[in-house]
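Taking it in order: structure first as structure tokens, then the write-up.
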Amino acid sequence: MNAIVCEPAVATNAGCAARVASYHCEVMEHRWVNARYKYLRLHAQAPLARITRCGQFYQLRCPVSERQQPFLLRPMSVYGTGPEEGTIEFLYNVTGVGTRALAELPVGGTMEIVGPLGNTFGFDPAYQRILVVARGVGLATMAPLVREAGNNGVAVTALMSARSPADLMREEFLRGVEAQVHSVYDSDGSSAVERIEILLRELIETQALQAVYTCGSHRLLMLLQRVLADYPGIRGEVAMEQRMACGMGVCLSCVRLFDCGKEKGGKQDMQFLRVCREGPVFPISTVVGEVEFG
Amino acid sequence: MADRYEDPQRVDLRVHVGDLILRNPVMPASGCFAIEYREALDLNRLGALVIKSVSPKSRAGNPTPRVAETHGGMLNSIGIPSKGLEYFRASVLPPYTAYDTPVVVSISADTAEEFAAACAEVSLPEVAAIEANISCPNLEADGMAFAMAPETTYRAISAIRRCTQHPVWAKLTPNAANVAAVAKAAEEAGADAVVMGNTVLGMAIDVRTRKPKLGNVMGGLSGPAIKPIALRMVHQCHRAVRIPVIGCGGIATAEDALEFMLAGASAVQVGTASFIDPGVMQKIIDGLQAYCEQEGIAHLRELTGAVQLDRQLTDRWLRFAQQSG
Amino acid sequence: MADRYEDPQRVDLRVHVGDLILRNPVMPASGCFAIEYREALDLNRLGALVIKSVSPKSRAGNPTPRVAETHGGMLNSIGIPSKGLEYFRASVLPPYTAYDTPVVVSISADTAEEFAAACAEVSLPEVAAIEANISCPNLEADGMAFAMAPETTYRAISAIRRCTQHPVWAKLTPNAANVAAVAKAAEEAGADAVVMGNTVLGMAIDVRTRKPKLGNVMGGLSGPAIKPIALRMVHQCHRAVRIPVIGCGGIATAEDALEFMLAGASAVQVGTASFIDPGVMQKIIDGLQAYCEQEGIAHLRELTGAVQLDRQLTDRWLRFAQQSG
Amino acid sequence: MNAIVCEPAVATNAGCAARVASYHCEVMEHRWVNARYKYLRLHAQAPLARITRCGQFYQLRCPVSERQQPFLLRPMSVYGTGPEEGTIEFLYNVTGVGTRALAELPVGGTMEIVGPLGNTFGFDPAYQRILVVARGVGLATMAPLVREAGNNGVAVTALMSARSPADLMREEFLRGVEAQVHSVYDSDGSSAVERIEILLRELIETQALQAVYTCGSHRLLMLLQRVLADYPGIRGEVAMEQRMACGMGVCLSCVRLFDCGKEKGGKQDMQFLRVCREGPVFPISTVVGEVEFG
């Protein structure tokens, strides 16, 4: 279930043995990590740590209250799992109806989550060094990748972008893994695209990177697409977002257009793919940089 | 011959939809189900498998965002993305027919002729029935569709009837003013069943951005919010026609399914509820079983249309009320 | 002349409904308001006071139970209990006209002539406008009502128009298939505004007793559940007619009211939400005030129809999508 | 706002100064009193004890949860108020969606209640003795009346009917007020109408009763109507129930038909009255004993 995009849907799913279920969880820990993000640790009577892979997500059934009545489930990347088999973690931005309702869930309370869903990052334990480019909530999605790199002795370079140092969440991202961190901020202008491009090219030229991963910023994604075009040997992957209903590939609400390269006839092969199913992880090169559709 | 996936208990959950016998009345609603749900459900335990509507013409579907939530429901404007019938037969259909459960193909088309030709093309031995989605809000026409009126319904269904021997189910729209008349037209044109109903055309606006919440501006409302509307229409159809009525709209629990059966449904379709819990259809089947056991019902299908109406009630009330000044 | 109950703040909440100027767009929906609410609200701060429909014929109303709750809404089959127009004028109307707020009388009748005569009779100086409830589900006819079709709407409204100089608001039903055409007929017949909309016909059954939850079997669905449907219809009416549209259906918060205004409503009516909180209309008015302050809107009425539609979006999407295989 | 039925609605409400509002309350105590009934004590920042009168009710906004999503408010008689100004008590039967949701409300949680609503029992502190005839939830409604009698030195005779001794809730009804109690049960046949009729007539003949009140049983109500017809000097009142939406007299959902006696012309004057407004307390003599409508 790696991010190998543009296979026909049928082949992708054929013989798929993964089981998706609704898990009843208890809230073990739930706290603010800064003014906008909350950390949530759940426990289920099921081996979530074992069945969940790096880059996958769950759909959360946010609680219903007098003031907030979310109807659809909310997709959330897995921020971490374990050490107990039944433990799963999320890190989320409190923004709208569902996440505001979620934020009110007390420790000891319960909630349902549906998953695991989606494909995984393409990661090879034999890599020497990877680069992760994160902004905002993107770090929740890539945190398991950082951990996996750490576990496998793969060196990590992290380029972290944030509004200001208070928003960075460096510790939350690395969770103890050693990494070379480059932080850039809107507040001092260091996050400007031109300046990041210089930094990026320098990192790529000087470090023996096998793969670059990103999540959380369209601007950074487009920059990476442009830069990586010059380095076809480097694996580049992005975790995407889109409005979802089913989260399982059924409803076709979460499509985006991807450019799957030249067909035999020489024509560009453009495909609508489901972020929840063929994604959320896609090769950076395939992303079509439209911004005008929601 | 006994169905080996039939529930082994004492209660008989089987229902009849025309000549088709289903092991239980619970099937997915078109567009709210695809083969991926085999990861969450045993497809051999459902009453039938209804596939997402396919249109003969290739279509991209509608602009994103395609879904938005509302109070007790959701709006969608997926459209009917389609790669055509050939792709459908070669790549979409086969995994569904691998199960021991009747497969229903849903067809969507722009003209009566296109409908007829498409239905003919999917009248395959491995297909148990064809659902004609004559109800999907045709948004170019401000929500109009064949099933908005008896005449257009009759035209579409009779064209289809001439081209296939397969059971044909006409899927009606709750946006019509008089669904009983539309159901009657479908029956007269030769439909084997009506499915009542589809989504109700709706809209939502983000008051901060002032933009519609759907890329397509309007979309179909589904989920518990519309249940009382769908239920009323099932009851009206049941009173109007002799062919079976399949209920659809907001069903999320066994109680909901029972309510539809009492109102006149022979079977039910579950749509949006699966998005909230992909295992919900099995829970509904289990709940029907439990209800029948509790209430001592041997054959679930006896509940169809069994709502207890007191036809003299209003008269008695009026006589009673006449006493008042 | 300054309205002494007008909100004293900088934001101008006044709206126009034809020649009528209301101090703010918030008024009750007929049947969901009566003089008793003066105990919970300052009636001098509402945009208008709309009274429960009155019919010229004496009527007892429908059998109990008359209400049932549903997911995100409720069903009612009150009917229009009435002691006739004489009683209405002598005993119902006077307490409403004691306030400094325009009073709207809602009329319900069985025939166009009865409508016209009743409207003439209530065309009193103390009445600011007449709402013709041509939409109340006429349950004897399986939910049919004047506003189900353009022709019958035209007939009723033009009969009324001939008999009164008062502003006439036509209250339309969401059960109609094509509300834009119905609104257009009302406009052509001389209505000064349309109210969109009323309850959606629905039904609920108790699965234990197997009886309908309403004495009358079917009834009208109202509340947040129907909001996306009503909103869509308001938008369709707004696009179809030049007369003001008054939005109604599921409004419970200031955001809901704003959504209706953006969709094209000049004013809004609040029904079921008052049953959950009898003070809700004042909260909505306060919320409109706060929104305008936050967003820097000087005149609330500028929001009417201000939804941002991107008319080229679908074309661009299709061109974009054409690239796909 | 006493139970003086059959006045024209306009007159009843004219100049009514009572204020109805939605009060935000905190749950101070919430516990089971037996297998089916729960006791609930709330506190609001408003003088509920002062503005609420004997026989009135509130509409409760039951909490919303994943499993129970009541939409309408639930009418509940006031079981007691005070001693603090902001304290109000309810005693309720856990039956359907709303009361099941209510039963889950934790101490320290909050809820809205709307009221005070409805009219009051007609009670005169100068009475010597009153008889209260209660069954089931009827005792919650009449408990404030018993207390008022106690406070005013009016003697109380209570006829309590229940399925079995375990269901009686005698202490919950009297709350320390001295009373002569006659308990009858379905379990030993003592609650049979014929036997109660004998008891009733005996009590009326031997005790100087000025008023009889009842709530909670249609069968007992009809019996009282029959018996009291022979004693026109005794005030007889009943608290009625009906499905409600607004609770304030606005929606006309809660009507029942009442017989308001002979008109001038000699014709019976039958009227639909609103249980929430002209009631919930009505003269026993006016009740029309229909049972076939809901």
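By letter and in written order, the chains are A, B, C and D; residue numbering begins at 1 in each of them.
As a working rule, a contact is a pair of C-beta atoms (placed from the backbone, for glycine too) under 8 Å apart; a residue touches a chain by one contact, two chains touch by 3 or more.
Owing to the predicted nature of the structure, the values given are computational and were not obtained by experimental measurement.
J.: What chains do chain C and chain D have as common neighbours?
T.: Neighbours common to chain C and chain D are A, B.
J.: Name whichever of A-B and B-D has more C-beta pairs touching across its two chains.
T.: When A-B is set beside B-D, the one with more contacts is A-B.
J.: When the centre of a chain is set as the mean of its C-alpha atoms, what distance in Å lies between chain A and chain C?
T.: 46
J.: Starting from the mean Cα coordinates of chain A and chain B, work out the distance between those two points in Å.
T.: Computed from C-alpha means, the inter-chain centre distance equals 36 Å.
J.: When the centre of a chain is set as the mean of its C-alpha atoms, what distance in Å lies between chain B and chain C?
T.: 32
J.: Would you pick out the residues of chain A that each touch at least 2 other chains?
T.: 61, 69, 112, 272, 293
J.: Counting only residues that touch at least two other chains, what does the list for chain C look like?
T.: Only 60-61, 63, 70-73, 215, 313, 317, 321, 324 qualify.
J.: Could you tell me which shape the graph of touching chains takes: line, ring, star, complete or other?
T.: Looks like everything touches everything, fully connected.
J.: Name, in rising order, each residue of chain A that touches chain C in their complex.
T.: Contact set of chain A toward chain C: 69, 257, 263, 268-272, 290, 292-293.
J.: What residues of chain C sit close enough to touch chain D in their complex?
T.: For this pair, the touching residues of chain C are 31-37, 39-40, 52, 60-61, 63-74, 76, 78, 81, 91-92, 95, 215, 223, 272, 274-279.
J.: If you look only at chain D, which of its residues touch chain C in the complex?
T.: It is residues 8-10, 13-14, 16, 18-22, 61, 69-73, 97, 112, 114, 242-256, 272, 277, 293-294 of chain D that touch chain C.
J.: Using the touch rule from the top, collect the residues of chain C that touch chain B in their complex.
T.: Against chain B, chain C makes touches at 60-63, 70-73, 75, 142, 144, 148-149, 175-178, 180, 200-205, 207, 209-212, 215-218, 221, 224-229, 231-232, 235-236, 250, 255, 258-259, 262-263, 291, 306-310, 313-314, 317-318, 321-322, 324.
J.: State the interface residues of chain B toward chain D in the complex, per the touch definition above.
T.: Answer in residue numbers: 313, 316-317, 320-321, 323-325.
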